[in-house]
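Listed after this line are the structures, all set down as structure tokens.
What follows is a pair of complexes built around subunit A, which joins subunit B in one and subunit C in the other.
Now for the complex of A and B:
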């Protein structure tokens, strides 16, 4: 029997961004791997999260992996993430800069960042923590002193000016974060570009609700953002990043001790993997995770789903 | 295909008598188009119109209803491609495979393991609904024995897999037909003869869409209605393509042959992956072969998320709740009526030894911070909720604990409740037991 494939006709295209010689994201003209509809372009990238200070609040079975004698410093952890765990991108989350924590200074933060930039070849996402005043100082310093191009975040609706100005001057990429909201996201993209920042250097963070903790909102908002992209909305073309690990490893469900829930480490990995894959299916171009096993599983998924299409392999 | 309001209007009597509870036929037509009224509400509607409207109202994907103990479970009946457009209606069923070549004891143990996978999340019960019994032994008596065990020890829907007509015939005597699905039958035409009266749901499988549709066409010609579709795939890309194209054909093109629920047999190597894909992208049943609590629990949670109605977050009624058996000196804790928030907070209070009163504020089903930013959990609103709750008659103190994340509403709340002491609790619910132990003596 003849079957006429009901193909969708999309316009518009996700901005393709070359983060490094090896890592290119975006460029698709269709929903995640709808290769039957049109061009899929680059595979999603998997990033691993590294903190400037050791994250003592992580669950034991996750800490174990990162807290060995040879992995005492962030630089060592970043190297391991790149060389052995296969991270396409390093997500350097500087939790230690928060004024209520170690209160690491802007200068020191920039130094820490440069040590990472030197140690790895991957693109690096840099994100400070703290109140706006503190973050602004760090945005400025990091963008000024970075020894190569970085991706810096996060620009929010009420805090985008300093970071945009800094990233513009230093020729860096920026992450634009909106709280699970299509309209705010678009508004933010417009505000940033009104400062003459090129849209081609923006990555959107639609904010990740963890699986069981608002995941469905993120999932649908991302689908709606991409519907707008493919209806040719010029301001909704940036690729998207989802911080999956941070929303996964804090929840109660992965800490329950009971046979019917299966082994704890495996459950945590599956939880992180399931969240990441769900978000890839709704449009994520970068997923940020914490567990090396999750990286393997997510990459297996990506390889299997991007098999038939003309997509490009990350890291080749 | 859905009709527009105007198209429907042309089918109505145009009497404008108002008996349908709206003043005019046009208004009624609009309600029908919006699917917020039933055509039966107009007593004068013609049979012909009824038929057309009935057909227009049947969803583009066939609904199949099963019996699961006392409950009914349905699959199919979907109407949209994206969940935000309306909602995904019937959640993907999760089926677990058993083989009949285990010893009686092994089989019972395996069944026990499967039955243990029952969870509670946010007030909902999560569990796999189906067991697929695969015929490996090719020994009819053995197969039927195992089938009997499943049917007597569980309430799950049973998928008969890899069976010949003879086994199917006897199996149907054993098990209620509303609990059965036939999958990978050995001899299709013979099986169809057997089920022509019972309309037992049957899975048609094929190598590709064309081949599948031919089978569907044949079955439809013989008047089989309870069809489920299944296509083999070599990689996840094929699974995605088949599922999307079938769903699109049915929903966007009104192509009837494609309008049936889909069953996905997950491949063993990357079972989790195909199951995730199936749940997100249009499978009505996913069949797992290697499974454990560690994979089922996240999958069931994913399913719960994908199939919640995007228009109304799960919420509970506002008011005063008791956690444990509080008395007049027990603490009073306030939070929002978002189900997730409520269940986390009440769960943590249960973990503490201290019983408590929980005041649930109507925050339109939003989490603490979301509600606060949407101005649904201000000091003003929380204060009013406490005053109107009648809690003052139940307790002998005037202290209330608010969530740490909204410490900022304290001042406003003090203004609203001048005689009260406002205590700011920890940010995370997990710290409530420790907090109560320290401050509530």
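Now for the complex of A and C:
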């Protein structure tokens, strides 16, 4: 008797989003590596995180590889991330807008953003920090003044209206962030679309923990979200972004002096890379990292699975 | 629609037509033929015209053509013999003519207070995000300057943006407010549009741009634009003084956009039924100027967000568990010291005066320190989506709401209430009335989707309480009866709960009148209310559909729902069986049922019981077997109260199969269990059920059952 490959039938599909001519994400019907069941579609994108202020609490070795002077200038960082480090997307995390930090004003934040938008050709994700009131002011300004289409984050369950309205008016993408929770994620997606915002312009941030720091939980929540997508839940189709670098470079294993943990810089890179790879396997479409070395490793991994499993051919 | 209004609208339209014509003719020679006709700083040209037709006006000859077109279209309308739709269309034509006129005037260099796109955006974001709770288009002038200030202040307090337009007998609201030195800027939410009646349209063409910008709509989608305005832009027109024909025609245009008109003088009312069958007023009036704004909010169904509870002590969930000790008491109510009760009753919308809080009897300063007063708190609520069934759900929240104030301690519910106000709270200025303030604010805030109005009466006079309490007692009783009498057969919908999917991804609770959620926290009514309050939340209605098997409680509709909601894993679901397609268990169950081979029955263990049970496992070990959202025949997580339901594992014989349970659970439910045993015609059954004081092992249990002749032994093995 001839063996017949059992095929799972998936009806749903992740929304394909074109962020720029070069960067298209989503569109898959299956998890990566599951090309025997369906179409894998576009490769995940790797984004690099930059900030509006000097990142004081980064580990020294990470600062070194970026060069301290570069780190002082957001524009130089963005350029370096794109041209030298090969970022597909720039993730502009405006930590300096927080009212307890530099308290950068909304107008200044928008100006900073535009400087980045000018400096690079990649899509740019923009995310302010601060209390809701402060964030809302920045959402409004950035969406209004952005010189090209941006991805703005993050809409949350208890603060999604201003950002949604602003992104609607400015024709931008939105990041919808839920605290590692399938239900809240879905509800948030629904709430945003109820304001007439197209689901096709939402990217979900299911929140991430570093490997060993809640990663497992994120992993299974993302898997849940994606299974729901593939099972044709119409509200769970947006692609997902994961902020990996922020979660991994702060953990103690990367900072402590201990011979048996191996070389410090490598530890960080490995931690960042493995976390990112895990998240890609559970359906991440964008991973945001900090170290250039991680970018190379993650891209190598992506290339390898997308070639070996002839995902792309199958898909076409 | 009244004949009088139709006649005025037609006349007003005519006047406007002539007006616009005159303006265009007069301007024709003044501006070059190729000069673009548009408003300044907008991408939408003439926004209303663009939204309705998708077309733009390029030149003065386009303007002329548009006038001709409108005139031709309406050339037959001469009599009052037109219906509501035709009148509304005429209103729309009127505002289009007004817009055209102002655009031509603006292009000719006249000063027009058009709201440019960038202002539209900054206001629009605040509007869509809910920071601005509504827009009042104020047409005309108030009776006097003081009243004008009073009205505008009330609107500001409610975060409503006021746009001022048109005069009444030469007076304008703008003037009145300027004379009173009221600051009029975007930041104070006041915008002046102009003194002519035509200037009203500058408010309307702002609203329509919001539809285009935030509704994702395009020019030419007239119906959709109108619907967006009507559904999502909380605007209304407040007409002060009186009207002439032109104002009427303009107002009809506003009505066509879904914006109701409220006058401060008598007018014939117009109303229609909305999608939910509620009466929606389109034109109405309120003669009392103190109640004018409240009336506007009610008519437009605007709910103002109040998150801060305005009381003199701090308020936060962090203070919920705080107690007020005897020596700190300034005043107390209920407990063993006096009579006290709390009560929520639903009334019709027009029977409740929103915001009213009345205290009848002694006040806090009129009694000695550390004394007690009787207390009755009666809360009347009304709302378009309110239902009688939700009364107990609201009532149960008194406890949680009142406790969050520092220095206030609340225990119990209904007629078993005990409430203390601390000396410190009294010193800070806390009055009995503030109990009402708390309830008022919280009910409107947390239940805004079902409650529109709250009125509160607080009694501290024994006489009043004695008068009221019997009614309250009667209604509590009726409510219990109603809920108790509800059966699964008596309803068509159950409610789902998928709250626990965050950790048990395929788990779904189906909550029926006779079976509560397995955590014990959600009954059918809670599910129903939760769905009303948050229609996108985890509690959804589940249509039962055709019966598949009445005995085990299986329905087609429920199966379909569970299949989808469990991410296509559970194909069949039964509500009353422990063996056939039992409900899954997430992990929050109050107790677990487990079959005991050799007894023909099953045991129950609740989560506070830590010792060994006859199945050889403790609660926590059992929980590991049962949880995770799988169907595990023979094991079931349930809410405690399900034990005394008629549908308790009824497919397998229910209570007759129960052979072991912790003694305190037995005692707690003794009365109800006895009653159920009688109904099952097994009197004395409860004493045949073993507990940990009798045995904790299977052999001992079987011996005991045999000795007591427990019915389960003869019913055959469950599996």
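By our rule, the second predicted complex is superposed on the first by the 297 of 316 C-alpha atoms of A that agree within 3 Å, B and C clash if a C-alpha of one lies under 4 Å from a C-alpha of the other, contacts with A are read in each partner's own complex, and residues count from 1 in each chain.
To be clear about the criterion, contacts are C-beta pairs under 8 Å (C-beta built on N, C-alpha and C of every residue); 3 or more make two chains touch, one makes a residue touch a chain.
Just so it is clear, the structure is predicted and the values come from calculations on it, not from any experiment.
Visitor: Based on the superposed arrangement, let me know which partner A:199 touches: subunit B (first), subunit C (second), both, or neither?
Guide: The answer is neither, since A:199 touches no partner chain.
Visitor: Please indicate which partner A:53 is in contact with in the superposed arrangement: first for subunit B, second for subunit C, both, or neither.
Guide: neither
Visitor: For A:145 in the superposed arrangement: first (subunit B), second (subunit C), both or neither?
Guide: Neither partner.
Visitor: For A:227, decide between first (touching subunit B), second (touching subunit C), both and neither.
Guide: both
Visitor: Return first, second, both or neither, reflecting whether A:187 touches subunit B, subunit C, both chains, or no partner chain.
Guide: Second partner only.
Visitor: Report the partner of subunit A that touches more of its residues: subunit B or subunit C.
Guide: Ranking subunit B and subunit C by residues of subunit A touched puts B first.
Visitor: Tell me the contact category for A:65 with respect to subunit B and subunit C: first, second, both or neither.
Guide: neither
Visitor: Can A:270 be said to touch subunit B (first), subunit C (second), both, or neither?
Guide: first
Visitor: Of the partners subunit B and subunit C, which touch A:259 in the superposed model: first, second, both, neither?
Guide: first
Visitor: Just which bits of subunit A does subunit B share with subunit C as contact spots?
Guide: Subunit A residues touching both partners: 220, 224, 227.
Visitor: Tell me, which parts of subunit B touch subunit A in their complex?
Guide: Where subunit B meets subunit A, its residues are 82-84, 116-119, 121-122, 209-211, 213-214, 217, 235-238, 240-241, 244-245, 248-249, 252-253, 255, 270, 272-273, 276-277, 280-281, 292-299, 301-302, 304-306, 308, 310, 340, 344, 347, 367, 430.
Visitor: In their complex, what parts of subunit A are in touch with subunit C?
Guide: So the residues of subunit A in touch with subunit C come to 136, 140, 144, 161-162, 164-166, 168-169, 181-184, 187, 190-191, 194-198, 220-221, 224, 227-228, 231.
Visitor: Can you list the subunit C residues touching subunit A in their complex?
Guide: 118, 121-122, 124-131, 213-216, 228, 232, 498-499, 501-502, 505, 536-538, 567-568
Visitor: For subunit A, which residues are in contact with subunit B within the complex?
Guide: 1-3, 5-6, 8, 33-36, 211-216, 219-220, 223-224, 227, 252-253, 259-263, 266-267, 270-271, 273-274, 277-278, 281-282, 297, 300-301, 304-309
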